[in-house]
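One chain, subunit A, appears in both complexes that follow, with subunit B as partner in the first and subunit C in the second.
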Partner chain A sequence: MKFDIDLDKCVGAGVCAIAAPEVFDQNDSDGIIVVLDPHPSPDQEAAVRDAAVRCPAAVIKLTEQ
Partner chain B sequence: MKRADPRTARVVIVGASAGGTSAAEALRSRGHEGSIVLIGAEQHAPYDRPPLSKQVLASATVDGATLALRGKNHLRDLGVEERYGVSAADLDLARRQVALSDGTAAEFDRLIIATGVTARNLPQAEGLAGVHTLRTIDDALALRWELSRASRVVVIGGGFLGSEVAAAAVGQGADVTIASSSTLLRSAVGELIGQQVTELHLANGVRVRAGSEGRVRALQSREGKVSGVAFVSGAPEPADLVVVCVGSEPAVDWLRFSGLAVGDGVQCASDCSAADGVYAVGDVAKWHNPRFDVAMRVEHRTNATEQALHVAERIITGDHAPYAPVPYFWSDQYDLKLQAHGYLRGHDEVHVAEGNLKSRRLIALYRRGPALTGVLAVGAAKALRQWRSRIEAGMTWEEALSLT
Partner chain C sequence: MISLPQTTPPQARESLPTNRCPFDPDRRYEELRADRPVPRVSTPAGFDVWLVTRYEDARAVLADAETFSSVDASSSHLMGDKDNLGAPPPPGVMLRHDGDSHSRLRLRLAREFMVKRVAKLEPFIRHLVSEQIDRLAERTGPVDLYRAFGLPVPALVISKILGVPEEDRDEFERATASQVDLSLSLEERQAAAIESAGFFVRLVQSKIESPGDDLISRLILEPAESPMDAAELQGIALLLLAAGHDTTANMITLGTYALLKHPEQAAKLQDAAFMETGVDELIRYLTIVHNGVLRKATRETVIGGQSIRAGEHVAVVLESANRDPDFLGDGDHLDLDRMSAHLGFGYGPHQCLGQHLARLELRIALPELFRRLRGLRVATPEEDISFKNDMVVYGIKELMIDWDEVTP
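Now for the complex of A and B:
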């Protein structure tokens, strides 16, 4: 699966890092999203999908299922 | 009552903001096949509210399009019937019908109430020019226009909204006073952190009137336009713009004769159901959170989505699993972001584990009874998440302190 990140919209809530900790992290100072794994393996797919749904700023866009 | 097959049940969602939109989407992604009608009182397609008191006031280029929660045809493509500019007028539980403001009715097998809250205003504000509340995009754009012309602004209310509006207003070059009956953010984060937030505002050039000096007695006006604010004690403040940020009321007027228990929101059980097949999500929902053993109503952005996902799942499965989240909120204060996980309101004790606002790194822990129930942080995203998982795990206060 692939995804795009809209960094400008990120509010640093960290919902993504809670939902998919192997794929997303946060910058410690402002909480902005940090991508750990731009090409997540299939076993991370559900977690990434969950992160995209829960993100309060719609930062994560799934581009390839 | 005849119960429809849950997969093909007709779902009506009243309220088309974050909660309502997330619920519609989650139902479809879980394979719901029945009709979904999304009803929104505002003319606009679903948009995001947190930026209204932040980026929208601070930047002339942020508008409705920037705030859209979903792409233009996204919901339509999911087979969601969108009805915006129509509000719910009444609920008939026996006939499973929502009466709408345009005279039509929406029939449902499952109902999701997501009507949110409305801004409380001061009674004297009625018909007075130069007095604003802030809840909708229309409110925010009108307020931004007035802010660009105002020279003396008084913000009434020292909660999240009031403090964010004040920060935005002073950034526009206005002379700004916050009037608050207590230390800023006190009810949300406690006296200790509230003091530091107050100092932050003072350092940024905002005047803060707190306590009886900040308790409003009356709005002053000249020729139908506000001219100042008089207080219980101390001198009045002249003002050409007053922003009223004194909290909100759950939007439950339309449920008055429904038979549902409404008071401080729609009263729900732990699974967020208010009656058979009827649920509430987001700012309007008051439910018993078993994790903290507290009946709570959470007016924060991420809860609206999380609660909507929970309810969508209940509609799909038909079970009554309780909703037991660790709530989360953030607030932008100037260039600092306050973030908190847990249940901070009504805490018994605050312990600062690290730093302070001034140093731009702060971690504060909150106790309720014998348990660690909340954490608030600035500039410490990773530590914050670690503390969140400890709250989730039910860590005792004693254990928590031993880690600091």
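Now for the complex of A and C:
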């Protein structure tokens, strides 16, 4: 699966880091999203989808299945 | 193309539904969600608002901070003075700031509450919870859980984060608890609010003079494009207390009561699953930030088929959205194994900054309370329990509990 990140919208809520901790983390300096794995394996798909739905600022956009 | 009304909307003929029973939202929301999802209602502060009752509409409003300003977001419709609507937000109080002014504050604070940083507080919170249960155990007879445990735990966590000196923490806890103690008179509560505001003025001054390893000191010391002044730091400290204290205290108290009324769910408290999902489900089910999150339209728009004009207020009813059958088929049931994209922490750029801290406090406090207080039960007749229906944060005014024995 593939996704795009809109960094400008991120408010550092950190929901992605609990929904998909193997794919997303937070920057130490401002809490903004950090992508740990830009090409997540199929077993991470549900977690990434969950992160995209729960992100309060709609930062993560799924672009490809 | 949808035509927008040119005239002032008619005066509301119904009032804000506040009759919760006791874990569920006001029953009127079922009908509203189905038939009239954006009704016009009158509010306790004396002005009318559009209520947003459906999940998808709630997300749409809260996500669109350009169309829906937070300038009156401090629950002005419940406890505000309508003459003060639209007044500039106080410095540092980010929940009422919009756009860049909000981002500047939020992004300086987000790292303090990020997942990794909050996780480091776990040993401290475990120790604190254990100590507070020990204190409970020293007492005999029924005890008010809200006052004796619910309020002190989050107050002491926040005082640690803000860098309140240890010798001052008990005084800090007393002053902050008195502000929300409904057994005191309004005058006594206002006096306590002034006392804790004074506390923050002195705290910020002491950090400016001799910084330590805490949130306020880091805001003072770390270089930034636009440094924060003392008034902003005081506003931030007050907001963090206001947002993180009584909310968590009510979740601990109402959550305990809900779990006692759902013993099949309470049985899951000691499972690892509760760590993963249970707290979020409890937050969804109880949705204590209720009676509407207030926004003000900056331009003409349409929500749920309803035209909204610039300048009109919209109140997003989180407790209704979280029970919307289009969001969750059986949302009226408490199921601690369920994970959902609930709105209990709000949504959009203002979503709760301290959500990971709240989760951690509840993940520790609730299982520990049920594990250590054997035979935990409510010690008063059910009909004597009174709920905070008309308040900004929902909960139980006083929950007298008793137990058989305390385990280590």
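In this section, the second predicted complex is superposed on the first by the 65 of 65 C-alpha atoms of A that agree within 3 Å, B and C clash if a C-alpha of one lies under 4 Å from a C-alpha of the other, contacts with A are read in each partner's own complex, and residues count from 1 in each chain.
The criterion applied here is as follows: a contact is a pair of C-beta atoms (placed from the backbone, for glycine too) under 8 Å apart; a residue touches a chain by one contact, two chains touch by 3 or more.
These numbers come from a predicted model, not from an experiment.
Participant: Given the alignment on subunit A, is it a clash or a fit between subunit B and subunit C?
Facilitator: Once subunit A is superposed (C-alpha atoms), there is a clash between subunit B and subunit C.
Participant: Which of the two partners, first being subunit B and second being subunit C, lies in contact with A:Gln26: first, second, both, or neither?
Facilitator: Touch status of A:Gln26: both partners.
Participant: Using the superposition on chain A described above, determine whether A:Pro56 touches subunit B (first), subunit C (second), both, or neither.
Facilitator: After superposing on A, A:Pro56 lies in contact with both subunit B and subunit C.
Participant: Considering only touches as defined above, state whether A:Val48 meets subunit B (first), subunit C (second), both or neither.
Facilitator: neither
Participant: Which of 134-142, 260-268 or 296-304 in subunit C clashes with subunit B after superposition?
Facilitator: Stretch 296-304 of subunit C has C-alpha atoms clashing with subunit B.
Participant: Name the residues of subunit A shared by its contacts with subunit B and its contacts with subunit C.
Facilitator: 11-15, 17-18, 25-31, 53-54, 56-58
Participant: Where on subunit B does subunit A make contact in their complex?
Facilitator: Interface residues on the subunit B side: 18, 22, 25-26, 29, 48, 50, 69-70, 301-302, 305-306, 309, 328, 330, 337, 339, 360, 379-385, 388.
Participant: Could you pull out which subunit C residues touch subunit A in their complex?
Facilitator: 62-63, 103, 106-108, 110-116, 339, 341, 346-349, 351-353, 355-356
Participant: In their shared complex, at which residues does subunit A touch subunit C?
Facilitator: 9, 11-15, 17-18, 21, 25-32, 50, 53-54, 56-58
Participant: Under the stated contact criterion, what part of subunit A meets subunit B in this complex?
Facilitator: These residues of subunit A touch subunit B: 11-15, 17-18, 25-31, 53-54, 56-58.
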